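The same chain A turns up in both complexes below, where it pairs with chain B and then with chain C.
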Partner chain A sequence: MTEMDEPELTNSRLGSLEYDPAPESTAIAHFRPSYGIFIDGRFTDPSSHEQFVSLNPANEEVLATVAQSSREDVDRAVASARHAYDTVWSRTSGPERAKYLFRIARLIQERARELAVVETLDNGKPIRESRDVDVPLSAAHFFYYAGWADKLGYAGFGPDPRPIGVAGQIIPWNFPLLMAAWKLAPALAAGNTCVLKPAETTSLSALLLAEILQQADLPPGVVNIITGDGASGAALVDHPGVDKIAFTGSTEVGRLIQQRVAPSQKRLTLELGGKGANIVFDDAPIDEMIEGIIDGIFFNQGHVCCAGSRLLVQESIADEVLRRLVRRMEQLRVGDPMDKNTDVGAINSAAQLARIRELSSFGESEGATRYTSSCMLPDKGYWFAPTVFANVSQSHRIAREEIFGPVLSVLTFRTPEEAVVKANNTNYGLACGVWSEKGSRTLWVAQRLRAGVIWANTYNKFDPSSPFGGVRESGFGREGGRHGLEAYLDV
Partner chain B sequence: MSTAPLRLVTGDDYGVKIDHASSVPLMNSEAQLKSTLAALAGVDAVGLEGRCAKLATRSIKKTTKLAAIDLAISMVDLTTLEGADTRGRVRSLCAKAMRPDPRDLTVPSVAAVCVYPDLVAEARSALGTSKVSVASVATAFPSGRASLKVKLLDVAEAVDAGADEIDMVIDRGAFLSGRLGEVFEEIAAVKEACRGAHLKVILETGELVTYDNVRRASWLAMLAGADFVKTSTGKVGVNATTPTALVMLEGVRDFAELTGKLVGVKVAGGIRTTKDALRYLVLVNETVGSSWLSPDRFRFGASSLLNDLLMQRLKRQRGAYVRADEFSGD
Partner chain C sequence: MSEPRLDVRKTYKLLINGAFPRSESGRSYKVFTQSGEFLANVAQGSRKDLRDAVLAARGVQAKWWASSAYNRGQVIYRLAEMAESRRDELAVHVGAAEGLRAPEAFASVARAIDRIVWYAGWTDKITQVYGGANPVAGPFFNFSLPTPSGVVAVLASQESSLEGFVDAVLAPIAAGNTVVALASELRPTPAVLLGEMSATSDFPAGVLNIITGVTSELAPTLASHEEIDGIDLAGVGVDQASELNVIAAGSIKRVFRPRQNDTDPTRRLRAFIETSTVWHTIGQ
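Up next, the complex of A and B:
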């Protein structure tokens, strides 16, 4: 081999194999021009004629029109849930409830491709993620809690724990179907009935789930799905007929909900924002660690409440990590979410894009060094190129505020103590990652981190049997696992 | 964008930065070698296998697929390593290597024919002046259980008979019991005995078992002068796997950045289908990039793979599969 006349290895971002477009077909997704609200097992017309459109954020095309639920609609939904609770669901035995949950899980698997396509069109996330993560995990949650439905007496909450009643559940737009599954599966397994409100920009997969519930012959009224914006959510939170509110979303809205619920007898669980620290020690498995950092912040365009949006890296390897990280970021395939080879899709809405842009602009004005992927962005739709900020300090806004987008802030530390102090120096406390080959240090650090979830040598891994939730301004209550049942049992 | 993004790198200069002025560090003692290898980052098996599973979902279609199939054909080391090999079989294999599909001259020839040392002369004469190389396994393949003297003689005979490439096996026993200096010196001695023939060092990853071992053995081979690192002999239970290949690709990438020397990777054993081959090419593409997407830097050690590549190639052209008997067996 003659090294001297070797061409520099620089030809293209992905070598010379440029992948041809491999779009998933959208033919399987059948949208109705407009959707009613799902009450008492049927799609019904809303009381007012107010409607809003659901857009494909990747090209700003209208997918369907969705109803804005009014106070009267929320009334009807809660009444339906109450009636179903009193007359049917609270009298349905555990094994019988399990039967419905298993059925829903299997139907999600059967219609997996359809659900994945709908989710990607409505949300903007890559089809690879909706196909390989959102939809299978949603089915897994129903399977998992189906198993609990007839074993509640063995869950550690007394011999015969009772359900709470009617649960009002408000979910975000980042994992629309998966969050619906996280909320519905434990609630139904425990014997509650539900009124679910999906986020206004991503109602369509929940409405498809409504069809699946019909197909599963779930008794009418056990699950009701109302669409609408914050006003509909507020009506649900305030409704006197609701026994429990479960909310996943921003800390700002979570705080409002807690204030409104405080004077009532309602139970409350909140899963809110985060500013997760990914802590990297100098003995970390470097290649897998780089992948983990990339997954931690660019998975789902960074629209992840537990995203590893702060990278705390040991100073001695900071340059090396940054170099490899930027090189890897440059390789991410950003673009058409329906393309099976896309790694990073579209930002969910114009409003979110504006927020990401605003917060990122502070990064530069406050003196951080910005690295942005040179990827080409489509002309239409909402897009933000993957971005890494280096030389960030604790006092910068980009180190403190949740950006909820593909933006990573890199800070450094010198000792494990300093890493822990910096990681905990936040109002949030949802998730952290620790990367090291030394188990004793990983455990030492993990014990001192103030966060609900701590991953070791991995990030953003979810499993229905593992509880998930935060501390401090990241909320309270757990979803998933045995712990997740507690939120829906009168204990 | 509200502000113009700053760009560290552009689409044109992405890649491994190679400084050709740098060189392979000399290892002056076994202690130095051991500390060099011990300083390599560990491999997290779960993360590694997860990355491979993710890359396995890449969808390679249309013209990319056709280009990738032709690239894969040009990377094949068409191999026959059986006790029952005959001169006739080697001649037939050489004919196929030069012209994989006699009806279609647009099909590229393969990279090399890989045989036992005693059949090198036969292959050499059959291949004549074609650009297909003769590769020979040597050093008491596949077990490597012979004295260094015997191994070097094995190499010398193969080179004398006209081998362009030597596929040696490392002493796994020595590696696993920590006698790294011995393994190093053996590779260096074989490299010298190659007298210019390209040296592929077979790590036999199925016997090294852990990914950490694979990483260290790759670096050891590269430091000792390997032109290629190769996964397997094809003669043990576990042969090439995508995670193993990924560890080795990361190794050659980091080695190139450190030393300026570009070492190739050969995956061998159990790669039978076009789908398998494309998965490896995706790994190469997304780990080390274009400089390794060439027969000079990446090879498939295989025999039945070639016919599947030809069949898929024809399928893309005709829109339908032909029967397996359309292609010659050897």
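Up next, the complex of A and C:
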């Protein structure tokens, strides 16, 4: 770094410039006061009539109440899926299945603004992200897999690969609609029927998707959506009528699911946690790289399984990178998720906020240096200011455990070999980033990283044609691309 | 009349890291032919032997994967050459272990050797068959590469002493994994012979490790070992497979349970392959 640009860097006032509020209207989102579960093409009351609230995490206001599904409800949903599989979906030809999926993709595009608003209200993520990432990618996923439905014989799994049957799908709260699309689209294309369980805190976009499936005239029972907490998910995992479980969530819960499924013949794919290393070499283009690091950890409040939560910086540029990073972090706009200028929204739940606070407190007590954005946080709702820890060592808890929040740990290295060793020093293996202008070095590093996804000079990019998923304790199976079909075919 | 020559009998040992030790436990157990005649004393491997083998397999895995696919194919083909020249010996052992008459035993050995050749040809095809470029919407070159899971534990078939063993160990090895294999408990000698042949086939030490011993004693150690990434449960029954599967879940292992009368020989090959996807920016 050069000494002379230092005052400019540290004294920049860019981050404190006032922007007028630019809120997206919430008028387009119409919530019912309470929601039933979606079985056999209709919303029905849960057997227990038990409901729980779904909050807007940005202000703690109740958006609607959602049904708590019991074992009986799971039973009904699985029976509905089985019936639809036997009588309708397994007899629906590939070209016809394809057209249903194309329809769903189009309907998502038609109702994109509404979906984005619902997602942001229920999840707390910035409207800019739900509008530009979650919803368009969800539509793209259905569009992509629609085209596979009548071409399965060309996917490399033999001339006539068969579906598995009834798929139980359990998804997390960080990308509620997108994860539903990642699960449903390949499953339906391959000819399976589904029982989907959204996360407890973020059911509303999935329930809106149920309305879209009705509009698409998808045959009743082909997709069933049951809401509820972990108990509902466990009932789905244990249900003998389910042929396949697909789970996205924490490694802790994934391990339990693998154990519960183990004695059965059920197929299983797991997309679990991560502690992604973002490796920065001293020849990387610094402006792009700083943006990439910021995007890698603060995108979606860091509620990203593949977040670049461990920054590995080459020692020669460590001081400059840290200084620029802290300055850039100061400029992030934290607050009202409905404001189109917001960069970082609300933490999804009180429980997640407590976990982020707890793990971050270990950062300081174990000797790392803390930099926290001085942004003003709203009084109501769940908020955590973007935070960077420097002087982190590999044994620190904040370098080992998945925080799943806007908290970055910075470590240093000298040689490419050391970078690879440190990046692989984890039981996880989901994603890594490599920043360098030297292609041969990037590929050398990429070859040695134990990770399912490697982003070179970019980070947190997703595409329906690109397989996503982990190695080691980040799970197994892929979502996206030709590879994603394998998870839903009997091959 | 010259006196009849006394034959020189072999000690059947473990294969760990390219060496042939007895079990560190000092234990051995008796192995019989299918018709009940004494065949040999075979080393009874211990949990410590397994851990040593895992250490060796882990240590050499990156090197095995880093060698060229062409080279890996030649090493595996070399094993077929070694096996071909010792066909008679293999057939005697397969016949004795499985109770086969000579023509059947020779046929089984022939199929096993042909299977080795088949896997030799896979090493440099896997990347193209299971990988590819992905047409993402954006200025990126995006490609998916099949990569090995890492270290794979094989509980080899109890019945098919050579054919089953060959299939279970060479599928992961061809894909770039290294292997710790538990041979058939009651029919271990063909696997031991194959291990001896591998030592003269340019396999780097530790790529293939073979332990003989009691399956029920050793299998849980393999299923729970944190440095093992995947496990093939061919050699255990349904109940024990379920138990081991539960243990394996503790470290999110990839678990392969063979299907009955499976007609797809690529299933085992695909079982211990990961897909690693690289995004690289495109720009001036």
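Criterion: the second predicted complex is superposed on the first by the 475 of 491 C-alpha atoms of A that agree within 3 Å, B and C clash if a C-alpha of one lies under 4 Å from a C-alpha of the other, contacts with A are read in each partner's own complex, and residues count from 1 in each chain.
One rule holds in what follows: contacts are C-beta pairs under 8 Å (C-beta built on N, C-alpha and C of every residue); 3 or more make two chains touch, one makes a residue touch a chain.
Please read these numbers as outputs of a predicted model, since none were measured by experiment.
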item	value
Which of chain B and chain C A:Glu473 touches, first, second, both or neither	second
Which superposed partner A:Thr65 touches (first chain B, second chain C, both, neither)	neither
First, second, both or neither for A:Asp463, with chain B first and chain C second	second
First, second, both or neither for A:Asn425, with chain B first and chain C second	neither
Partner chain(s) touched by A:Ser47 [first = chain B, second = chain C, both, neither]	neither
Partner chain(s) touched by A:Gln109 [first = chain B, second = chain C, both, neither]	neither
Overlap of chain C and chain B interfaces on chain A (superposed complexes)	457-458
Complex contact set, residues of chain C against chain A	62, 129-130, 132, 134-138, 140, 142, 144, 147, 149-150, 226, 229, 242, 245-246, 248-252, 254-255, 264, 267, 274-281
Contact set on chain A toward chain C in their complex	140, 156, 158, 251, 254-255, 258-259, 262-263, 270, 272, 427, 439, 442-443, 446, 448-458, 461, 463, 465-469, 471-476, 478, 481-483, 491
Touch list for chain B against partner chain A, complex	1-3, 5-16, 18, 20, 41-44, 46-48, 50-51, 57-65, 67-68, 71, 198, 227, 250, 256, 260-262, 281-282, 284-286, 288-293, 296
Residues of chain A touching chain B in the complex	1, 3-4, 6-22, 128, 132, 283-289, 291-292, 326-327, 330-331, 340-341, 357-358, 360-361, 364, 369-372, 374, 385, 387, 437, 457-458
